[in-house]
Amino acid sequence: MNNITLIINGKSRSITAVSNVLELIQHLGIVESQIAVELNTNIIPRGDWEKTKVSNLDRVEIVQFVGGG
Amino acid sequence: MNNITLIINGKSRSITAVSNVLELIQHLGIVESQIAVELNTNIIPRGDWEKTKVSNLDRVEIVQFVGGG
Amino acid sequence: MNNITLIINGKSRSITAVSNVLELIQHLGIVESQIAVELNTNIIPRGDWEKTKVSNLDRVEIVQFVGGG
Amino acid sequence: MNNITLIINGKSRSITAVSNVLELIQHLGIVESQIAVELNTNIIPRGDWEKTKVSNLDRVEIVQFVGGG
Amino acid sequence: MAYSTEDDKLVLGGRTFKSRLLVGTGKYSTFPLMKEALSKSETEIVTVAVRRVNLDRSSESLLDYVDPERFAILPNTAGCYTEEDAVRTAYLAREAGLSDWVKLEVIGDEKTLFPDTEALLAATKRLVKDGFVVLPYTNDDPIMARKLEDAGAAAVMPLGAPIGSGMGLQNPANIRIIMESVSVPVIVDAGVGTASDASIAMELGCDAVLMNTGIAGAQDPVAMAEAMNLAVRAGRMAYMAGRIPRKLYATASSPVEGISR
Amino acid sequence: MAYSTEDDKLVLGGRTFKSRLLVGTGKYSTFPLMKEALSKSETEIVTVAVRRVNLDRSSESLLDYVDPERFAILPNTAGCYTEEDAVRTAYLAREAGLSDWVKLEVIGDEKTLFPDTEALLAATKRLVKDGFVVLPYTNDDPIMARKLEDAGAAAVMPLGAPIGSGMGLQNPANIRIIMESVSVPVIVDAGVGTASDASIAMELGCDAVLMNTGIAGAQDPVAMAEAMNLAVRAGRMAYMAGRIPRKLYATASSPVEGISR
Amino acid sequence: MAYSTEDDKLVLGGRTFKSRLLVGTGKYSTFPLMKEALSKSETEIVTVAVRRVNLDRSSESLLDYVDPERFAILPNTAGCYTEEDAVRTAYLAREAGLSDWVKLEVIGDEKTLFPDTEALLAATKRLVKDGFVVLPYTNDDPIMARKLEDAGAAAVMPLGAPIGSGMGLQNPANIRIIMESVSVPVIVDAGVGTASDASIAMELGCDAVLMNTGIAGAQDPVAMAEAMNLAVRAGRMAYMAGRIPRKLYATASSPVEGISR
Amino acid sequence: MAYSTEDDKLVLGGRTFKSRLLVGTGKYSTFPLMKEALSKSETEIVTVAVRRVNLDRSSESLLDYVDPERFAILPNTAGCYTEEDAVRTAYLAREAGLSDWVKLEVIGDEKTLFPDTEALLAATKRLVKDGFVVLPYTNDDPIMARKLEDAGAAAVMPLGAPIGSGMGLQNPANIRIIMESVSVPVIVDAGVGTASDASIAMELGCDAVLMNTGIAGAQDPVAMAEAMNLAVRAGRMAYMAGRIPRKLYATASSPVEGISR
């Protein structure tokens, strides 16, 4: 089988295996601009998304800007 | 018949005829100290109560001290 | 001699006789716009200046607008 | 000669040699109650004054209560 | 020269009082509660209202609970909206109370209970002429205060805030100006909500404070009466003692020399 | 249930006090004047500073005028600008005073005399660990107040205004929030200029007020001491009595019925 | 429905104005400076005083610097201490200015420049009868305000604080009550010291603000004139926009959900 | 020398801004409404929060309504209660925003949203070391303000009152003292409820004001945004213009000579 489980933004999700962060973001259909990605507590610079592997049970945080004071 | 009607403190009352203010106050059973009596808009000093006649349809105001600021 | 004395704005002044308010104003060299004239406590409307005689010892008040709050 | 120099409350003083803190306090004529004594940055409890030696060039601080808010 | 309470009396209408707190008798749940509150307040002057005797049920008399030997009774003309009503009520009060003191009120408006100063001034003139000691409840306008003094008022009683509002002194500047404008006593009347409000009035230099709702309306009127007594005395003493000036910056209260290092 | 002064004591550091006024001993022109002022203030806790003995001239001792039987002596660490200095001064004070109470001050700046709360918190932790009853002079930040409580402070003493400024409570809202944030006593320390300032602090629900310049700097310190005593009691009683609510509009204090027409 | 400046005009004496700022012309060091300040203030109504023509030296005329096409000229009766003087001055002003608008002042006292409201009311009645548009400078007493309205005043202009004092609104509660007591425009006249004072008056719901010293006495009158223009507009818009309620506690402005952990 | 808006810019973190109003983007009912409000406020710096992307429904992006060409985006660390969280959030924000500016918040308590200044100072030091332009949201303690400046903060942002409380500047004295204690810009952050609150902050000499709820929570946010823009400019100009001094008594604005009698 080719599914993996990731903890994305605190929720466990089973998704088709993706090989790296870039694929993950695209798979999730997130607009790539103005977001930040943290993989297992390490922030992954945009430039490293493609070369950063994602494996089963990784913790992923994906954040963006929202209205705030 | 020997009843008269007086307007006492704004209310019309039919009472046994009284000949003067002093009798009226006594008839009404009002403690005589610290009150003031006005008969047809004239204040009647305590000393004149007895000699001041009360007749049918007279307007009588009887006031006392109450709590106030 | 043809001088008269007027009390103008509280000060006594001896001036060449003038026959009416208009002449007086002109004689004093006052710009006619936006002033008001009072002769012996009566306000003289601009239109009546010419027909209003000025005689010896008259009290004249001439006022204008100044800065104020 | 039997004089020693101490730095007492920040000022250098040459005094007759005293063998301990208690003697020093008495020599200086200070009322013993409600003061505290520090010898070379160590606070000396009242009970230890007598057995605490004072030697040349020691730093002594002697404090008391004064008016304060 | 140190300040002494003994020499610092309130002189009002030719009489001398130790207490600078005047207290109203309205709105207490019971007469005994009122009596205890008046006692704790240590007031010497209490205000009362003039109302029709209730003929249908005999009710206890207020004066059974306010000893005229202990308290000067000050009738008010509350509820009067015209010069005529106020003057007539003053006469009724004099007849009932055998005293010629009156707290003169001519109300201008039911919602604010602000005075109608025009009618107040006219009523003051009439009552003074007829020998009354008139204590007018007025606004905080210094010009009106002086007119009332000129009319013979024995004091001026500017409101600190609307009657019963408990908002405290709304315009201390005006009260100060009034005190410099008149020589009769200035008594802040109405608006006091809590102890500090009374102290603030006295600290401005006012001669006395008059209140009713602030005490009667408190959850514990007896305790508040004592609080107000203390507050008026505290404010007066602070005024006489001469407070320190206000400064933006700090000044040490402990010595800056002799610090052990 | 009526309020009773008897049951309303200040419990501080395990001890019980009748008076809620703490008074400083600095800046009096003479010791006898100070002694009389302390007496009139009816305080039970007085603050003192720790300074070098003057060896060149023997001067009278403060403590000849402050009876330790009557007053709890509370040494301060005024003039200390570091955690180290403050802790050392506290130890010296304990040795001199044979008591382990300390009014802990770590000053951040000579001009404002505001506390350095970072150093204050560190010093509090050390002294509490060594058995001191620590009463820290702090800012009016509720978060810092809670940290000091968590560190074991026996009370928190936020400043009402800069020391000696006499400006009165500058931020009543913060003081109220502090009271809801901690369970130890809240004592307003510094800034009181006159009686009403003290009353206002107590009316907010503070447990006590500490002052020095407000009394010592008054033209008549003895009278002001008495005024402050009355003011603190007035404010406390008013708080316990439960004040009336504030309203924009008026409410008659005399009955609106029974008016004679 | 969103607020639009276009639909929000001041209607005064039957005329419509965009600006809610009335400005005095007194106390400027030079006429050109005054002219620039008036221009920056964007006022449409300027007050002037009536004084004797100086016969001994011809001086420039104020009106050379105040274009009547651009500004409505509002003569005042400043300096009048009696009903008679004020009425006479109003007539002189009408004759000189060919307009029947008057800012009616009857001063009660040189030191405070408070109005003599008794004489003010009488003068208002006379001038209204004779066709004047009367804008009376009055105290902040709601009862007097209503009497002036009943007498036909085109607006009421309560003082915010003594003329030239710069103390700002001393009694916002009274101003609010006045606004609920009358239906003519309420214009705060006198006492404004800086921009926020003007905003506060407008935020209370006042229709306009009148000032002179606050601008003319500033170190840079032209800049202050612009500041006051902005402040009056800011206060008006804030009033129309409907401010948030005051709360003792906080409410987060950023979302409390979705926080990354 | 007359004041000119042109020469009076806000310099913050090395950048120059015309507007002295910083506006938050939270709590608007819709993004278009927010966009219009931001536009009317004429702000050049807007704050934003960092939150998890919602994966379950694609929602519009805030940044579609906030043009980064027009506004400097200032991410905050709202919702962070520890140094660690705040620092991490700052890093995420930098990664997402490609800018190293951060409004640093370390909240001490959910109810008051007061800052935890101890953790704030530690976080400031770390972020400054790593090249961030740190704008810390702090309390109004001048000592803490100076410590933040010493730690390299690009400005200090003391709260005027609790976030969202709308109470306005609770302690102007402290804000003034802070301005004399630091040389970096002082920005009042939080507590502004209406226009005059913003003006008052600027009149004290503050460099800028930051607000969110005061605008977003108004009944008409767009009108309030314009009001705040005017108010900040009014307050700044009034500060630069130099206000008249406050006096208890009056000064005539009309000439006292030349009165016609």
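To keep things simple, chains are lettered A, B, C, D, E, F, G and H as they appear, and every chain counts its residues starting from 1.
Here is the rule we use: a residue touches a chain if its C-beta (ideal position, glycine included) is under 8 Å from a C-beta of that chain, and two chains touch if they have at least 3 such contacts.
None of these values were measured; they are calculated from a predicted model.
A.B. asks: Among all the other chains, which ones are in touch with both subunit B and subunit G?
C.D. replies: Chains touching both subunit B and subunit G: E, F.
A.B. asks: Out of D-E and B-E, which chain pair has the most contact pairs?
C.D. replies: B-E
A.B. asks: When the C-alpha atoms of subunit C and subunit E are each averaged to a single point, how far apart are the two points in Å?
C.D. replies: Roughly 56 Å, centre to centre.
A.B. asks: Centre to centre, by mean C-alpha position, how many angstrom separate subunit D and subunit F?
C.D. replies: Those two chain centres are 34 Å apart.
A.B. asks: Averaging only over C-alpha atoms, locate the centres of subunit A and subunit D and give their separation in whole Å.
C.D. replies: 71
A.B. asks: Show the residues in subunit D shared as contacts by 2 or more other chains, in ascending order.
C.D. replies: In subunit D, the residues touching two or more other chains are 9-10, 38, 61, 63, 66-69.
A.B. asks: Multi-chain contacts in subunit G: which residues touch at least two other chains?
C.D. replies: 24, 26-27, 49-52, 76, 78, 92, 112, 114, 162-163, 167, 173, 177, 212-213, 248-249, 252-255, 258, 260-261
A.B. asks: Which pairs of chains touch each other in this structure?
C.D. replies: A-G, A-H, B-E, B-F, C-G, C-H, D-E, D-F, E-F, E-G, E-H, F-G, F-H, G-H
A.B. asks: List the residues on subunit F that touch subunit E in their complex, please.
C.D. replies: It is residues 2-3, 24, 26-27, 49-52, 54, 76, 78-80, 85, 89, 92, 111-114, 162-167, 193-196, 199-200, 203, 212-214, 216-224, 226-228, 230-231, 233-235, 237-238, 240-261 of subunit F that touch subunit E.
A.B. asks: Applying the document's contact rule, which stretches of subunit C touch subunit H when the two form their complex?
C.D. replies: Residues in contact with subunit H: 9-10, 38, 61, 63, 66-69.
A.B. asks: Spell out the residues on subunit B that touch subunit E in their complex, using ranges where they run on.
C.D. replies: 8-11, 13, 28-31, 33-38, 43, 45-46, 61-69
A.B. asks: Quick one: in the complex, what on subunit F touches subunit G?
C.D. replies: Contacts found on subunit F: 173, 176-177, 248-249.
A.B. asks: Going by the contact rule at the top, pick out the subunit E residues touching subunit D in the complex.
C.D. replies: 252-255, 258, 260-261
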